[in-house]
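Step one of this worksheet: look at the structure below.
Labels for the chains are A, B, C and D, by order of writing; each one numbers its residues from 1.
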Amino acid sequence: MTERVLRMGMVGGGQGAFIGDVHRLAARLDGQIQLVCGAFSRDPENCKATGRQLGLDLDRCYTDYQDMMLVEATLPASERMDFVAIVTPNHVHFPVAKAALKAGFHVLSDKPATLNLDEVKELAKIVHANDTLAYGLTHTYLGYPLVSAARAIIAEGGIGKVRKVFVEYIQGWLAGEVDNKQADWRTDPARSGISGCMGDIGTHAHNLAEYVTGKVMTHVAADLSIFVEGRLLDDDGSALFRMEDGVKGVLSASQVCVGKENSLSIRVYGETGGLEWNQEEPNTLVRTYTDRPTEILRAAQGYLPEAVQAGFRTPPGHPEGYIEAFANIYLEFGRALQTQGGVKAGMDAAVRGMAFVEALVDSSNNNSTWTEISA
Amino acid sequence: MTERVLRMGMVGGGQGAFIGDVHRLAARLDGQIQLVCGAFSRDPENCKATGRQLGLDLDRCYTDYQDMMLVEATLPASERMDFVAIVTPNHVHFPVAKAALKAGFHVLSDKPATLNLDEVKELAKIVHANDTLAYGLTHTYLGYPLVSAARAIIAEGGIGKVRKVFVEYIQGWLAGEVDNKQADWRTDPARSGISGCMGDIGTHAHNLAEYVTGKVMTHVAADLSIFVEGRLLDDDGSALFRMEDGVKGVLSASQVCVGKENSLSIRVYGETGGLEWNQEEPNTLVRTYTDRPTEILRAAQGYLPEAVQAGFRTPPGHPEGYIEAFANIYLEFGRALQTQGGVKAGMDAAVRGMAFVEALVDSSNNNSTWTEISA
Amino acid sequence: MTERVLRMGMVGGGQGAFIGDVHRLAARLDGQIQLVCGAFSRDPENCKATGRQLGLDLDRCYTDYQDMMLVEATLPASERMDFVAIVTPNHVHFPVAKAALKAGFHVLSDKPATLNLDEVKELAKIVHANDTLAYGLTHTYLGYPLVSAARAIIAEGGIGKVRKVFVEYIQGWLAGEVDNKQADWRTDPARSGISGCMGDIGTHAHNLAEYVTGKVMTHVAADLSIFVEGRLLDDDGSALFRMEDGVKGVLSASQVCVGKENSLSIRVYGETGGLEWNQEEPNTLVRTYTDRPTEILRAAQGYLPEAVQAGFRTPPGHPEGYIEAFANIYLEFGRALQTQGGVKAGMDAAVRGMAFVEALVDSSNNNSTWTEISA
Amino acid sequence: MTERVLRMGMVGGGQGAFIGDVHRLAARLDGQIQLVCGAFSRDPENCKATGRQLGLDLDRCYTDYQDMMLVEATLPASERMDFVAIVTPNHVHFPVAKAALKAGFHVLSDKPATLNLDEVKELAKIVHANDTLAYGLTHTYLGYPLVSAARAIIAEGGIGKVRKVFVEYIQGWLAGEVDNKQADWRTDPARSGISGCMGDIGTHAHNLAEYVTGKVMTHVAADLSIFVEGRLLDDDGSALFRMEDGVKGVLSASQVCVGKENSLSIRVYGETGGLEWNQEEPNTLVRTYTDRPTEILRAAQGYLPEAVQAGFRTPPGHPEGYIEAFANIYLEFGRALQTQGGVKAGMDAAVRGMAFVEALVDSSNNNSTWTEISA
């Protein structure tokens, strides 16, 4: 639990958007975070309607995020927002985050952090220059307690020295031409950056691989593809990769695997064991051994690592899902804010994520040459 | 969405309780219901501490549920609670529900509705005598949209005339002697009623079978067991059953199936098809055909029946779980309250549930003789 | 391996039959049994054609099984058949087995052993009266090594005292009217006996439950059904049952569960653990524990009980299936013949199987009264 | 069925070997192929003992495969072997195959065909120079009818233009140092060739990808690894690949994925659908669609492509496994021999397989540069 209810402002998430709703569900679930203001849309109608539906004071519904920063900063400490949640399309993440941080507000941003590595490094400079500022990136999938369990098991040597990682995030919803708001900006370089699929979901795979293994990914040899004619950004890609300490792996991300919904999976094999997890069955973690039967580890069970026991809201067999994972990201950000002050881990992951995307694109443009990820 | 945010009072759910928290998570998730008061515990310390943690006005934290009814009834309509959520152990459901209904408050009760059939019939009399009163029972598992999808598919003839039903709810947590608050009252006749396992979870199986098939269960031939020595109530049981229109089936419930978490499953076979669902993988519904491949129907997909499309909060592949299902029960109760006034369906299911338990116990006590369920 | 290649005669299994081919595949697989003669069909054309295709000496292809017994009995010991495999429709099992046994030939019969309890008891009398005669029943599913592994684990106390058994055999192929040779005799009382579905597949479930638990089933309370109009024998049924030592359970068999292929499954729960197995994924055995993760036991792994290690032909991950299981039945029968002489276990199981069917039908005809299985 | 029973000679497969037994089980299963002679071992004791156990004429058990070719060639056409099955360690495949082909015997060889590309090209020259000679490679996994079903569905446009392929063959048995006969030669360059894992199992993955898609793999960018210290050949590797017509993919093979048994899987996604298959559950083929539920296609069902219907021995739900798949390879080779005379498809696949391995090793040695597969 957080010490007191935290006050959140939101940029983006007006009517018609998708991810804003999910952020609000997640923030609301545990009753520890209260939405107090928002710049939901530049369209005043949409902005007010959204605020009204959310029961907000309409004076705190802003059509311009800059105004929000200015006005909120003038409110008494007991009222003004504590942090800004950024849920806009990718290209707006950077200016909003920068404005918020400059105005002294903590930031919890949807990913990717920015459109490119330069931008994220600029954010990092601001964040690291200020001891108390916190920056978080909603790498939702780290919010699943069994992902943390996998990390904990590996950290304590449960599978021995890590050797090989398979990580994959495949979807099918962009297999044809898609005509909707979600698809539009994701396939537009101006709003998505230099990569489509890899920026959108490949970054989750990268982040998951680093988080679970506890190793930094150092090099990639990538082959990105555009399968749907006329599309301007990659809708598929695979990469060989290398991590610290001799770990090797394969990462794939695709939005043209027809029939796949949201299949993010990771499999890690070490010298003495393995772990396998898939986001679509998030309450199960498979553990393999050399000479013993494979085990099915299940959410909320007492045999899981101590460190993850607090992450469950319901007993075994009562499935928790994506919203709960997302809520865990919010809870953890809120708790970190209150107990540690300026939290930098999210910032560092954000920089590495953007560096990963740039390295992928560079490698793919250079005939899949091994390319260093320089964060 | 509900028309306006509804105000909820809660009885039970003080610190140390389990299900109260789940109700609050569920009620809070969609921002349509606000907890405004509670009689969380008869212990004043616990009651206040719970209220404080929940950010309640401490004046509206009552140590006596009767007081709550009295005081809240005197508040202006714009402030007083709209309905009471009952989350106490079983034996307290009846007196609280009765008091609430008599005071004119709608009731959303955890199940089973009461300790026995007489009590629930008394409640039903009150509810049916008052056009505007609503009574709901949190048969959580009906909150999964794919359960409603199964019902819709069957209702529109998707599997032909229903023939055979297998329904099962098995757990393992009471396989040995268990010494905790949850186990204590569930195995105590004074607090649980005439049945342990069947009252606690068999009723969910019964309710699910009736809901999905749209048929009333009419007769049972049951064999209840106490496997753990010294226990006073059944911890396991199976029953043959018959429903309207020639449907036959088998129902099992057990709390001694070691290693099972919360495995509620139903399989229904008709003349031309079948449907299979398991609560532990709630986002998947399996559909079988005579001469076509088995299909895997998945949550939030456009091909699901129109009627269930509104039940999902996230796109396909973003798993929703138990809390979301529970929240759907709250949402539906809230919406029904606002649009239809006095809602009686929950009351009728509650009566049938208690009649089912009594018939089971009678049958088991009479050498498994076929026994009518007289609701 | 057997000591020498055994010589087999076959009754039934002419062209157009199904199970005869499977028996031959099974007998042939390990090179330990040679088909030397057969009464494949009463139609001389069919009989010869079958023999020719199988590369048999046509002099040893008989149109009358009685002739086969007579003639073969006159051949020198080094040439005459060692045993008779019976693969006819059910109603012919008895007369052939009787004739073979009386002629001094061992019998390996498809199941059920006979049309009714009286017949099988008559066979048992013959078999038990002769020290050297062997009788086996091809309860194919016992040929899966993981079924034996389950039995071994339970026998050595691996799940504690057994409490509850769920056993089920469901298919969908008779959900409508079916017009073929296989369906014809199975739904004809004159050829199938007093039960259709239960005699055909329910007996496998019964046999599996007794084999795995090592307990005798003593009582049933059954509800058999005919769902397809005009059919004369049960095509579905469920029964509560009781075994020795307080074990309770549920058995279902059905041929009208649309879309199910050949789903024979058993789940057994004891005081400290459980085991789950399904014939359609026969190389996996699930083992549950009280406070440890569920384990996936896999065929051919070194951690399986020593007693079953010899039952696999290929290493882990190289799936063995139905034919291999069937071949194991043949191998075991052959080995038993050579090492133990007159083998009676199959006879006893055969008698219990018929007694089980009679008890089921009696119970179902008597309003599902608990009925003793008197073998 | 074959026209007449074919006579087989075998090289390799003495006592203590693994794959020889499997070949014999496969060849024997359908009664269409008879083992008549063998050069099972250079050790006379072993060779005779093997022959005796198999019921062979000991005069036809040769300690030298050259002798076998010479002697058998002198036998009358009605007695001499029709073809040679080669089941030795890899390095002996080539000399035996060459000797057999030169002596005019057809060859069915275990894979890989030879130690290197030059050798296999030499074989190809011999085979292609002789109209009647047949050469087959036991790419066992193509013997699963559902693999052929996948190929047929793709060939008829069932998933649209193919875009992306994931193919993977992972095992765990060489995760540590292993001290047995099977492991010894597989990790010895002199007996295994230039690659360990990729030669042993990566070739199956390559072959499966080409067979299922009907496309030739043209380029690879590979990263092979030796994870176990002191090992001389790769025990793991991944490669990006490209096929004709713009198909892209990822191929991984590993023998150090702890706990994996024999997990060969392929997933193919086209413009309008996808197919997924895993060797460890070979009787299931998953088919995905754009706007329809995923389907579970099952072995022996009438809805499968006509072309594969003959490949099943048992009805749906009676699992067929590895031995049956292997037997299908034998059956098909036998039938092809009899109906088409000199069969060259196996030879071509063999050449492509060796070229694939060489390209992988070259690429991996050249910093994962894209390398052409020049068959």
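Criterion: contacts are C-beta pairs under 8 Å (C-beta built on N, C-alpha and C of every residue); 3 or more make two chains touch, one makes a residue touch a chain.
The model shown is predicted, which means the values in this text are computed figures rather than measured ones.
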Graph distance between chain A and chain D, where chains that touch are linked: 1
B-C or A-B - the one linked by more C-beta pairs in contact: B-C
Chain located farthest away, centre of chain C as origin (C-alpha): A
Chain centre separation (chain A, chain B; CA means) in Å: 35
Rounded Å distance, chain A centre to chain C centre (Cα mean): 56
Interchain centroid distance [CA atoms averaged], chain B/chain C, Å: 43
Contacts with two or more other chains, residues of chain D listed in rising order: 260, 294, 298
Interface residues, chain A side, partner chain D - complex: 159, 163-164, 166, 168, 172, 175-176, 221, 223, 225, 227, 236, 238-240, 248-250, 252, 254, 256-260, 267, 269-274, 288-290, 294, 367-370
Residues of chain B touching chain D in the complex: 287, 291-298, 301-303
Of chain D, residues touching chain C in the complex: 1, 5, 18, 21-22, 24-25, 28-31, 53-55, 171, 260-263, 279-283, 298, 313-324
